[in-house]
Amino acid sequence: MSVLELHPDRLFPADESARSVARRLYAEIKDLPIISPHGHTDPQWFADNEPFDSAADLLIKPDHYVFRMLYSQGVPLESLGVPTVDGSAVETDGRKIWRLFAQHYSLFRGTPSRMWLDYVFKEVFEMNTLLSDATADEYYDRINDYLAKPEFLPRALFDRYKIECLATTESPLNDLRHHQKIRESGWKGNVITAYRPDPVVDPDFEGFTSAVAYLGELTGEDTTNWDGYLAALRNRREFFASMGATSTDHGHPTARTANLSRPECEALFAKALAGKCTAEEADIFRGQMLTEMAGMSVEDGLTMQIHPGSFRNHNKVVFDRWGRDKGADIPQQTEYVNALQPLLDKYGNEPNLTIILFTLDETVYSRELAPLAGHYPALKLGPSWWFHDSPEGMRRFREQVTETAGFYNTVGFNDDTRAFLSIPARHDVARRMDCGFLGRLVAEHRLPEDEALEVAKDLTYNLVKKAYKLD
Amino acid sequence: MSVLELHPDRLFPADESARSVARRLYAEIKDLPIISPHGHTDPQWFADNEPFDSAADLLIKPDHYVFRMLYSQGVPLESLGVPTVDGSAVETDGRKIWRLFAQHYSLFRGTPSRMWLDYVFKEVFEMNTLLSDATADEYYDRINDYLAKPEFLPRALFDRYKIECLATTESPLNDLRHHQKIRESGWKGNVITAYRPDPVVDPDFEGFTSAVAYLGELTGEDTTNWDGYLAALRNRREFFASMGATSTDHGHPTARTANLSRPECEALFAKALAGKCTAEEADIFRGQMLTEMAGMSVEDGLTMQIHPGSFRNHNKVVFDRWGRDKGADIPQQTEYVNALQPLLDKYGNEPNLTIILFTLDETVYSRELAPLAGHYPALKLGPSWWFHDSPEGMRRFREQVTETAGFYNTVGFNDDTRAFLSIPARHDVARRMDCGFLGRLVAEHRLPEDEALEVAKDLTYNLVKKAYKLD
Amino acid sequence: MSVLELHPDRLFPADESARSVARRLYAEIKDLPIISPHGHTDPQWFADNEPFDSAADLLIKPDHYVFRMLYSQGVPLESLGVPTVDGSAVETDGRKIWRLFAQHYSLFRGTPSRMWLDYVFKEVFEMNTLLSDATADEYYDRINDYLAKPEFLPRALFDRYKIECLATTESPLNDLRHHQKIRESGWKGNVITAYRPDPVVDPDFEGFTSAVAYLGELTGEDTTNWDGYLAALRNRREFFASMGATSTDHGHPTARTANLSRPECEALFAKALAGKCTAEEADIFRGQMLTEMAGMSVEDGLTMQIHPGSFRNHNKVVFDRWGRDKGADIPQQTEYVNALQPLLDKYGNEPNLTIILFTLDETVYSRELAPLAGHYPALKLGPSWWFHDSPEGMRRFREQVTETAGFYNTVGFNDDTRAFLSIPARHDVARRMDCGFLGRLVAEHRLPEDEALEVAKDLTYNLVKKAYKLD
């Protein structure tokens, strides 16, 4: 059995001169509070404060990073207990599922999942041996024991993790009852929402038409016409803001934006409601809605996040049987320079607008995103995202973005996760990689160490607060 | 005259902490047998076991890595003795050709050709001074002397190189007589074939129609209709498998696949046979044939290799005078996510199918290939290929692929070469670069050294055997 | 107040084994003369030899690298004194502008602008404290004082900078009077011109038709017909060559080339003159003109530079108020393999033609440019350009280009700047980064140090002289 160790110097550059700087910088920022401005944790956890599910339910079944890797090596999703759309039978014995995972743990060597999991195993569950076939049962029992204890309840972990602010993501149709309950509970944890209107602005979203109708009911606006529809969206933004939201989020297939005339908007909206958009028209409509959302952000100050470029549910067999978010979302080439121009023509020079751009296509870091963000007042760059939320991904991001956009057109780290337990692990990776990058700049005499320390603090804490208006 | 030296630490990271790990890992794997599952050596060499050609004929005239660089700097191909299509005169004096090469040897500084050649010069021909104008004649004489000795015959070198298995690549029309002869010779060397059907599945291939007709003759199938054509291809796969083949190989301009209805297939095949396909239709036909080949692989278990993305024979002047493979194949942007979907819809979840993807477009490593291979059971990633079969290319491959696909969705190294003498040199570069990458992970405390050693063995030996079903 | 220091080891790799080699190589090449074969300094400076403008006028208002970053962070261009197109009021108090810049100096951390500026502040203006709010006035006064001294006149700085040759860039319509004056002045400084025909070969250029008419007047050719037009272009090339030009320069949106028949050329030219080209036709016309220019280069020996891929003036609001070159040029994806083929079919194998390719799209380094330049005798690769004229950009360029194209298909460094004071700073960065790259190759035993030293000299001095025919 191998020892499970989290080395204090992990992720720092191997070279001692850069590493020693990284170590000093990290010592100064490692205990700064966590701000998690974008993620997918379930607010009900913090509203109800019930114990988390047991090991397999918490750490395997819902984590597509984990089961996609096992699936890619021939492990059936059924055997991992991933629930099917039609409720047909899958493995239900949590211990068997956990053992299967443990047997395949070597597949994760060199991946961020391995680092996040090891961190959680060590720091949260106090394991001292590596997960393997031999230790599977010990892990399984320990995790389940711990999860039943009061100090592992959601709110207790939130507090222990020193989370200053955590944003969840909800549809405008959500009544935010869990957020309401948290607010009324007296607990001090700062859990806020973010406004994600995809279901009511994307004609290709399942149930778009009825979602828009329901939006009308919720708001008392007539969402069968363009003005009423915009008013309803504005109304829900206000409600979300009143529940703490400081941002909106937009997960589109492309970065396309549009700036149509009013009659064109009306006609396209009617077509969308009637379910008669072509694929191209649906893309234009989504693009128009990004521009509309930017306009509303100029009014209400919500920071806007654009997350384009994923080909969702690429595997039809898996989608039909298991549904969305099963590890089969594949990035695609994504163009920003022409795509964003209509929006930027209208709002790109607004000094009080903040649009945070994300990408799954790393080729645009130096070619498109850094030059855009290094010029337009309204644009900032989100951290390396999803598949690139990883040590090498973060390194490439800083190397390719900094020289053109600087540090100050970036916005700190997003964990973007539903794996609540791993939040400190993920922020820790980002902090270490940023300190490592700065350590190299200092060791190469490209930045004095006192300035690097200021930058490290800004990247960890100040920039995210500013970009998401959390101060 | 400069010393020719192969430093024992060459290619390891400069940083001593990473280097010392790399050194330890390499010591454990450097003597593992070579498995070369994909390459272009000539089986006749091993069948007839005649001495190799002399220096210029062996090392310059057939090596487009070498003469493309000289040509790019204004050295005429005629002066290098590269044979013309029409047989018009070129330089025939091997010594003059060799001297010209030696005079320009500095052009190769920083290239993998330089590393491979120096390795061969030192390890095979026991030279101790660097190739230059001053040493050209000594080299020329030494190489020619050595090549005439029995211990430099093809089979002797094969054995000395500790090659456990070597695959060549042949057209389905090939009678595999050389492989037959090797098998009957009593020599123990394991030389197998691979099935490369481009000439009979690509309507743009010179002589496609007559090749398909000949395929019919060979197999006794009626290849003028779709069913007979497929039966003939299947028949030859069986024959190749009986001669040791465990894989097929597909060198297409794009990664496009298709999944047409039977009547569409029949109609398109008829058009292809009639030589009436448009460029677009030819591409669809090739795409359909990839899907057909995948289906046959599900039946017969042959591992499938897809090598897309080369714009062949870009230089028309060179092509007209010297023909194919003259260093003028230029990579192009290559898309995989949409291109592969038709095939993956049909066969991507087959647990016993292995499709190995290669690319000349490094932008897809992290964006497309790693996410695809990190999900689909049927997909694996081939090593960095051709122009990227180089130290920096290998480093980028591991850095960009590992975090999403892990190590275990890759398949070890391919030398892909016709330069038989350089095979150990090429495998040695890959082994060193993998150990260097792992050394950095260990030095940065991202992977324990005992696990890194397991990975090093897997990358060198176990994964290739598994992916190509060579155990 | 922080110390302003230029560390002697800056930009060298952190690892001591690579750094010590870099240090030795750099010591041998740091004092080689500067050759600046491509840039945008104003020849009038050297013709009239008047003092440079004061601090804000010299270092802020004309430098889009500087004000784009400030603008991206919400600093209005008006407050930086950037002159408007309509002459409407902007800040005129140089000291206020300078203070605003100083207050925001931390934005440039990690950018090349910071390195270039610090170099100029220290080496030229002898400042010993870092620029900040606290030191703004001291800087402002010092710079203005120094600029008034005779040893800071343009010619004195040119001599002090050890510039062996400096090329400016002019339109064929320019009368080169400043170059004439320099030549007649008796001053020994070698300032030459380069021929940039964009205004008379790009139908989309403002005033194309009248520019072509004026070209006719200047040359006595009838530029209303194709033959006369070509003759006029040829005539101006001769004039430019007589004033020292050894190169032409072409800044096109794409790398497209064309090879039309004569009647097609005539018809398209007529359409262009009539202002009736579609966007597509204008692109074809520009592409045809690249091929025509290559043909003239075969005749007159001028080296050809192609700089494609910038989406100019992306920000319409800024363009309307401030005009061109205001930091809103954004790179786009750029394709070379198909785009260049028409030109290469005709002239790619000409041994005496040199075409230097640049790119803003780093994805083509390894995929397209290195394979093209590693084969075609006519092609060479320019250094990493514009946004990529930076330490990380240079590192990526060498890492991605060298293994396929070698060092000898590259052409040394271009500063491409109008910021005359920063020329030595920029060349110094390139020299240090090249020595660092070579240092790593030596430390990793991939190149002997004596050969690395030869390469360092070639990259710094010999290759640029050869490529631009400056010997």
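Chains here go by letter, A, B and C, matching the order in which they are written, and residues are numbered from 1 within each.
Quick note on the criterion: contacts are C-beta pairs under 8 Å (C-beta built on N, C-alpha and C of every residue); 3 or more make two chains touch, one makes a residue touch a chain.
Keep in mind the model is a prediction, meaning the values are calculated, not measured.
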Same-residue or different-residue interface between chain B and chain C, half as cut-off: different
Using only Cα atoms, superpose chain A on chain B and state the rotation angle in degrees, rounded to the nearest 5. 120
How many angstrom lie between the centres of chain B and chain C, each centre taken as the mean Cα position? 40
In chain A, which residues are in touch with two or more of the other chains? 13, 15, 363
Write out the stretch or stretches of chain A touching chain B in their complex. 2-3, 5, 7, 9-16, 68-69, 71-74, 106-112, 115, 130, 311, 314-318, 327-333, 360-363, 387-388, 390-393
Of all residues in chain A, those that touch chain C in their complex: 13, 15, 17-18, 335, 337-338, 341, 344-345, 348-349, 351, 363, 366-368, 370-377, 379, 399-400, 402-409, 440-441, 443-448, 450-451, 454-455
